[in-house]
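Lettered A, B and C in written order, each chain numbered from 1.
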Amino acid sequence: MLKSFNGYSVLKDVSIQCSGGEVCGLVGANGAGKTTLFKILLGLLSADSGSVKINTSHSKPIGGIVEKPSLYGYLNAYDNLKVFGSIQGLKIDKTTAQQQLLKVGLSLDRIDPVKNYSLGMKQRLGIAIALLNDPKVLILDEPFSGLDPLGIISLKKLILSLASKDQIAIIISSHIVEHLFKICDTLFVIKEGEISTYAPTNKVKYAILASNIKESKVLSNYKTLFDDDRVIVHIEKDKLVDLLKNLLQEKIKITACTPIIDMEALFEKSVL
Amino acid sequence: MKNRILIFIFLLVSYLSFSQEIDNDLLFIKERLDSVVSYTADIDLETDISFINMPRKKAEVAYSKGEDLKFSSDDFVMLPKRGLDFSLGELFKYSFITVLRGKKNIDGIDHKVLNIIPTDRKADFSIATLYLDLEKKRISVAEISTKKNGTYLISLQYEKDKNVLPNLVEVSFEIERLTIPLNFMGKGAKIDRKELKKDTAKEGKIYLFISNYKIFKN
Amino acid sequence: MMSLIQIEFFKLRKQKRTFYALGAIFLIELIVFVIAYFQGGAILDALLSTLKDTFYFSGKLLNGNLLTYMLLNSLWFHIPLILMIVISGSITTEYQDKTLQAVFLQPVSKWKFILSKYIVGIVFTIVVVLLLAITSFSFSYLFFGKGDLVVYLGTLNFFDSKDAFQRLVLAFASGTVSMVFFSVLSLTLGIFFRESIKTWIVAALFLIVFNLLSQLDMPFLAMNTWFLPKLNNTWQYFFYFDIPWIQIILHLLILCFYIFITLIIGVRIFQKRDIG
């Protein structure tokens, strides 16, 4: 995809792909082109060249939220669903509305206008609206921004369950990599309108803290970087548990284990 | 001043030329009119004034001898101040003298032309000219010069030969051009400057179609 | 398409500003009536002063019909000013709140969506004028009674009460077409500017300029017929003693043509532009 505004190139030959049931992350600094790409995918903007292909003949192949969730602030949750549903020919009765809201963890009990909702609730309602008419692809633009830690956790759970239960292809963007790491299967990095790195997020760097970390033998099987009582090890996410078990068997006194995302490294070179 | 001189001359002439002050034919007609104690009638009013458009209006009139004419209407009506008084009682209210002016043929009928000159200062007209239908003993035309309201020409038409009260009264008068405050003029109205500048008085007419008389005579 | 129209009515009904606007309109109507009542007597005196020498007047001219006529004179400026806020707001708010973006994330046809807004705007305008007509007749007849209507349009025209009522109704109907034009114009401006305040200012400017220009006399008759500001005064023609029907129908058809063109321009701009 190529896109320019007033002679300024925002997207230069960008390509991404995502399968049903997969969660893909799009990470990039502010102004890198994430929102523009999403708008093109969602049909709000037209690309100068390139195409969007979605493997479905459904009337609504793709749904999503761009920038902030846009809702009719003077209407309540049910009315919002009704409005967005009706305009695409759906009949939203109370039962259907209840189902849609429960799916995203909201309830019909609140009847006050949506302008009173917290950002987290607005996000959820926005997702419920995006999911109307069962799209095969869901696009979420910076869904975690402005949410508190608990809000982020519950939203991540929701995203994962949507992907696995409904087999929806989900593409999320953020400028904070840590948010995407735990839930994304694939990570795209966009910088100055170009996809500079693409890699499955399976292989991650972890920092393991232990006073006697240097005594470990099993660590020699991995690419490591030692620094006093801390080691940075490259390992696939699903193999981490086994490594930790082995380290514990070696009587290594592990006090912490955190994933490390080196933003600079991520943008400058392929590190994964 | 001019009026006073005129009156004096007439008085002099009439004194010199006639032994009685009021014409006999007029007296007869007056008595005919006086025999009407009261009446009611329906009036249809039509206006013929260049700058007024008004549909035909209906009103009822009630006359009682010695009293003012009473009008009633459901609609808005514009009634000419003169010409309503078909018994011409206003002319005969105060003392007057008559002066014969000759004869005139109107519509094939000979009419006697008389000037009525009031001798009482209280009369509100200065002179009137009556055209009497001698055959049918009634008044056909009256031209009245009022002191304050200009000159009126009243033309009376009768349905039947024996009627003394008219069925059609045509009142002609002079009327000044309207001056309209500009801010009331409708937006669509065109300001015809040439017309506005013409300060000339216009002639207007009102037609009174009278019907359904209920007359009480003595 | 029906569901889009229904939803637009739903949104209109649910917004407080719709009711504020309606309240404002009826408040203005009330104030104009009161002022008209106090002014009416003076105006009648001025109109009829030269006739008082020659005529007696019997009957009440300061009645419901006259007051409704006086209301009509000022209506066509106040009402579009307020209507435009509601109607242009139906699109500018969606731009500003970005709900328009959210709408087109759903499978919705662009031209159907914007056309439904035009339709709802037009229907709303018609309903408002209808309500105004009903309330003004009811109120004026209740408090001031019926009677002849006197109007000055080059000549002093008097109309029977029944005739006056019919003419006033026709004047309301004719004025409705002008109101529809302003509503459609405001929506098109809203599509163009995408922002409330700019839209209001430009729309108000149109209204004011049209009002001023309508006083001008065009040098050629054809220009008079096609000149838009003048067309908005067509309602006045019903108060000429002989109603010029052909002229009126011609004017209204031309006005409908302008409405159509303005609508098409709005739809085209909306279709061509990216929502994002």
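To be clear about the criterion, contacts are C-beta pairs under 8 Å (C-beta built on N, C-alpha and C of every residue); 3 or more make two chains touch, one makes a residue touch a chain.
Quantities reported herein were computed from a predicted structural model and do not represent experimental measurements.
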Contacts common to chain A and chain C (chain labels): none
Chain occupying the middle, per Cα centroid: C
Chain A and chain C, separation of their C-alpha mean positions in angstrom: 52
Euclidean distance of C-alpha centroids - chain B vs chain C, Å: 49
CA centroid of chain A to CA centroid of chain B, Å: 101
Per-residue multi-chain contacts in chain B, two or more chains: none
Residues of chain A that touch chain C when the two form their complex: 36, 39, 42-46, 59-60, 63-75, 79, 82-84, 86-89, 126, 129-130, 132-133
Chain C partner contacts - residues on chain B that touch it in the complex: 50-55, 59, 71-73, 75-81, 149-150, 173, 175-181, 184-190, 192, 204
Touch list for chain C against partner chain A, complex: 3-4, 6-7, 10-11, 14-16, 97-108, 113, 274-276
Touching residues on chain C, where the partner in the complex is chain B: 43, 46-47, 49-51, 53-61, 73, 147-148, 150-161, 163, 214-215, 217, 233, 236-237, 239, 241
